[in-house]
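What follows is a pair of complexes built around chain A, which joins chain B in one and chain C in the other.
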Partner chain A sequence: MSVLSAKVRLRRRAWFALWAAPLPIWFALFFMGPMLLLIAMSFWSVQNYRLTPDFSLSAWSYVLSLDFLWSTFWRSYGLSLISAALVSLLAFPASYAMAFLITPARRLTFLGLALAPFFTSYLVRIYSLQVFLGEGGVLPQLFHSVGLSGASLLNSYTALFLGHATLTLPVVLVLQTLALGNVDRTEMSAAVNLGARPQHVLRHIILPAARPGLSLGVLFAFLLSYAEFVSATYLGGGVFQTLPILLTDLIRGGQQWPRAAVVSLLMMAALMLTSLVTVAWAYRQKGN
Partner chain B sequence: MTQPLLELHNLNKSYGTFEAVKDIDLTVDTGEFLAIMGPSGCGKTTTLRMMAGLEEPTRGDIRLEGQQINDLPVWQRETPLVWQNLALFPYMTVRENVEFGLRMKKVPGPERQQRCAEWLERLGIAGFADRNVAKLSGGQRQRVALARSLVLQPKVLLLDEPLSALDAHMSIRMQGELKRLQRELGITFVYVTHSHSEAFSLADRVVIMNAGRIEQLGTPQDIFLRPKSRFVAQFVGGISLFSGMLKTTREGKVGIDSADGLLQIADPASVQTGTKCDLAVRADRINVTTQPGWGTNEVPCTLMSEEFAGAVVNLHLETAAGTGIVAQLQQRDLERLSARAGQQVYASWHPEDGVLLGVTALKAAA
Partner chain C sequence: MNTHLKHALPAWTWFAGLTLVFVILYAPILSALVFSFSVDRFPSLDITRFSTKWYAQVFADARMLEALKNSLAIALSTALVATTLGFAAAYADFRFRFFGQRMVLALALLTPTVPIAVLSLAMLAFFSRIGLSGTVGSIIVAHVVVATPFAMAICRLRLEQLPREFETAAQNLGATPGQALRLIVLPHAAPAIGAAALIAFAVSLDEYAIAWFVGGLEQTVPVTVLNTLQGQVDPTIHVIGTLAFAATLSMVFAAQMLLLRSTKSHKNKEVSP
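Coming up: the complex of A and B.
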């Protein structure tokens, strides 16, 4: 083994740095920059409907003292959490079947089908859901024909959830299938060989092994639902005031950019905290 | 003890048109250490997996203590397997791994803990009980795998190349421990391996499999001294093979009329003259000299290469007819021989050291 000369080592590093550079640059330009601006802006003030650089805590004190902000914050959080949990539960049996019960070729076909909705615009999908669920829509009519109430299904949590599921179900399905696909089959057989029934294998082998992927599925469903604006507006209607709606209202109603910035930062803090906790839990290890 | 512990009757396993295991009949006795050996793809692991219930036989019966267990769900069987890659549960501690089977069998808490502690102690891994299994050394992981299976107090333990993940030194040490454990516990081990040294040094009986069939079943000595077929002889290795018609000369000498001349044998009683036979001679029974005139069966050959193997050296020779001969010499004998590659030498052996292959089969056919 020869020791690399300093020059060669430097050249190698420069070469890797060149390839690695685009991401940090992108990150700085389109994430860190706006983020810093957002933080700065939360201290600015609005004078005569004009945004003025300043160091004022008025936006913070205003937003934090709003009761309806906090109730909206927790409603938003709770609704997205329920959506994420429901979507994950709904997706799991299908992911399980795809990972363990069907051939790899079929798995690919089904995953492709699951991703097909992404080929259409999300906005279009939500609008068509609106038509589907609204007054005189396909689903209310169907309910009516079997003797149930034929009222519009819009402006309900069900409608909001359907919107969330439209957005998140394919992502969750793919994440779960990949996670389950990576579970070691020998470990599963070993558990059965030691007396574990299928439900024990699921609980003691599959779930722990797939935990990172399954948790990421819940997390992504949560993140996407939390920041979701379109279905909250068009399907949930005014019934469910969520943070993204509040955010747009703040901006529309009189150039309140600093207040919107504060709400954004709060949202971001909540998401980051949730992500950190989830990831830490997902990758936790047992024993020392 | 007339009842065999484990019986395989006419066992078959096909995957589509591929027959992995063909008509296996085998009985394993209580307390026996049986090794199943063969090249990869010979069906040894499939046979073991069928014993464990992890593969369903296409045809045939598996009986444990006389009871047919074919249709018993895997989780209700008592045939734990030690896996080639160990298959420890990485999300559990050592203790949880060992307790797993007892937990699944619903053994009550205090008894479970006691049995687990006993096995952790017995295999010398009590000190690591609360460690993550991923952080153990190869030998320690091996012990966890053994404890995890043995804690169930099975009547038979199935082992699938359990030492293949260990380095040579550790593997030898574990071989000794396995043998000792098996003796102490008095339970049956069925041990699949491709390693001669493991099979021959550990097992009471060895099964040699080839292409889904049992080629030979016998004690290690049987197989080593009296291989039944060319395949077994070649698989065991260190054996030179000659083929030809059995012939009796006018002087009354009996031997194989091979491309390398008449090779005399000591006990031709069971074979008819004119039968085509294979003669096997073990490497350690062959003498190599630089001058002719040493013995009865003497074949001139060329020294092709030397293979240094510690205290002994394997010489690879080739006769004028192209037959390969392996001779095993002590290092000091090689020094005395002072022959170099390419040189003409003479290989010779006593007639009683030649073994006719497949003699019983031929006798039956005759």
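Coming up: the complex of A and C.
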């Protein structure tokens, strides 16, 4: 009996491990492994053009003392923050319409249509924007025909912003619509019945109740724009040197891997801090 | 719908916002479709004539066909592995209580927030240390890391709609854990598994940064697009784009239909928050 139950227990444990183990093993090997290597690599040194395991702070002190690194860091951070705020504002009326002005069945269709582009060729959409905005492209042509300047719209913040919006709108729309859709309708009706004006309902009931979802929308727009390098390169035209561009240049240039690792870790630190602060603020209890 | 609810701004303003957003989202996709059929090298409003010459050019391009072959092989393998890993983890999280459960979930769900340039650098360093960089296999391994969180989330959300008692009831009636899984859980989760595979396929098909860094000479379709972005105006991009949009959009919509239909048939069941 005890032999049998030991066998059963073993079999149960094996059954459990069969399901629980594969993902952690894969991610430990091929996600944690590379990320830990990145941390280690930031302390390695380059000797005679060869990457050598070491414990050296030279990459850290080199990168941290670069003035243009810090200006790039803050430019990157600021640009993505502005884009995140603007994309959220741009998406809000649409999310409001989806949450309050159309039927729930239609809402799902619209959400599906809004999310689908997130999974479709981002590069080609950026290419489309590039030829749309470039010299002789569709938009400059239209502007020219109404008497405005027909100059290229590329290499401007507007172009960069459109690239960011192309990337982040789907996610922001879904998060905002879900947040607004979950606002308590009875509370809204009660306020209206008690004579609250629509502006008051929006400001004092809808916005506070939807705050977590709306903040997550801003956060995700920020995370995606901050990490993005294709728009910054091909729409911003390198006018806006950002950290990811710096990073890809460093890696493509070869040899400077420890420095690239340091820049990566700085980016990660900024992202984590921003995420923590935003999430803490988003889920802060009302009335604090 | 609360018909008596007044809105802070007239309805048309909200709908104008909705229209604007969809124009921004879909104009680049539609323009790729239109310009892919234009004979002009440079895309502008005055299209001379429509033709399929760029399509012919793409399908005659050996380099492009090679990239397409790579892309499909990678996306197919990624979908297979990512869905298996994602479902296994979702099922383990649904069925068992164990030490480190939240950590596994956090590990998988935080991966997508790592900037792709950072992840690409880490992957390139890792694969070149173990001598695997520049292979199709290394792209697959990395794409699985990127696609699995989506697959896991889709499967996990679907399992949440399955009352927990069903599986235990089946086992109390004499089913082995394997039978309970096969006869109760899998049929219930099948649409989500299908949707997860489609999304994982689409994610891999579209991924360019890791494929660019890690792949070396093994190019995928998005990497050839990226190389073109750096150069001259090239109308064949519109062709590739149109084909890619058609492929990924139909996969994403198919995934959404699968999830929607299955959710509807379970509407009257209790769904925990």
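Couple of notes before you dig in:
Keep this in mind: the second predicted complex is superposed on the first by the 252 of 288 C-alpha atoms of A that agree within 3 Å, B and C clash if a C-alpha of one lies under 4 Å from a C-alpha of the other, contacts with A are read in each partner's own complex, and residues count from 1 in each chain.
One rule holds in what follows: a contact is a pair of C-beta atoms (placed from the backbone, for glycine too) under 8 Å apart; a residue touches a chain by one contact, two chains touch by 3 or more.
The shown structure was predicted, so the numbers you read here are calculated from the model rather than taken from an experiment.
When the two complexes are overlaid on chain A, chain B and chain C sit side by side with no clash. After overlaying the two complexes on the shared chain, residue contacts for A:208 are found with chain B alone; chain C is out of touch. Within the superposed three-chain model, A:73 lies out of touch with both chain B and chain C [touch as defined at top]. Once chain A of one complex is fitted onto chain A of the other, the partner contacts of A:38 are limited to chain C, with no touch recorded for chain B. Once chain A of one complex is fitted onto chain A of the other, the partner contacts of A:161 are absent, as it touches neither chain B nor chain C. After overlaying the two complexes on the shared chain, residue contacts for A:192 are found with chain B and with chain C alike.
For chain A, the partner with contacts to more residues, out of chain B and chain C, is C.
Contacts of A:222 after superposition: neither chain B nor chain C is touched. In the superposed model, A:261 lies in contact with chain C only, and not with chain B.
In the superposed model, A:247 makes contact with chain C only, not with chain B.
Of all Cα pairs linking chain B with chain C in the superposition, the shortest spans 7 Å. Under the contact criterion defined above, the residues of chain A that touch both chain B in one complex and chain C in the other are 189, 192.
Residues 184, 186-187, 189-197, 200, 204-205, 208-209, 211, 285-288 of chain A are the ones that touch chain B when the two sit in their complex.
Residues of chain C that touch chain A in their complex: 1-2, 4-9, 11, 13-18, 20-22, 24-29, 31-32, 35, 42-45, 84-86, 88-89, 91-92, 95-96, 98, 100, 104, 107-108, 111, 113-126, 129, 141-142, 144-145, 148, 152, 177-178, 199, 202-203, 206, 208-209, 213, 222, 225-226, 228-230, 233, 237-238, 240-241, 244-245, 248-249, 251-253, 256, 260.
Interface of chain A with chain C (complex): residues 12, 15-16, 18-20, 22-24, 26-27, 30-35, 37-38, 41, 90-94, 96-98, 100-101, 103, 108, 110, 112-117, 119-132, 136-138, 141-142, 162, 165-166, 169-170, 173, 185, 188-189, 192, 198-199, 201-202, 223, 226-227, 229-230, 234, 244, 247-248, 251, 257, 260-261, 264, 267-268, 271, 275. The touching residues of chain B, counted against chain A in their complex, run 52-54, 74-77, 79-81, 83, 85, 87-94, 96, 100-101, 104-105, 130-133, 135, 148-149, 152.
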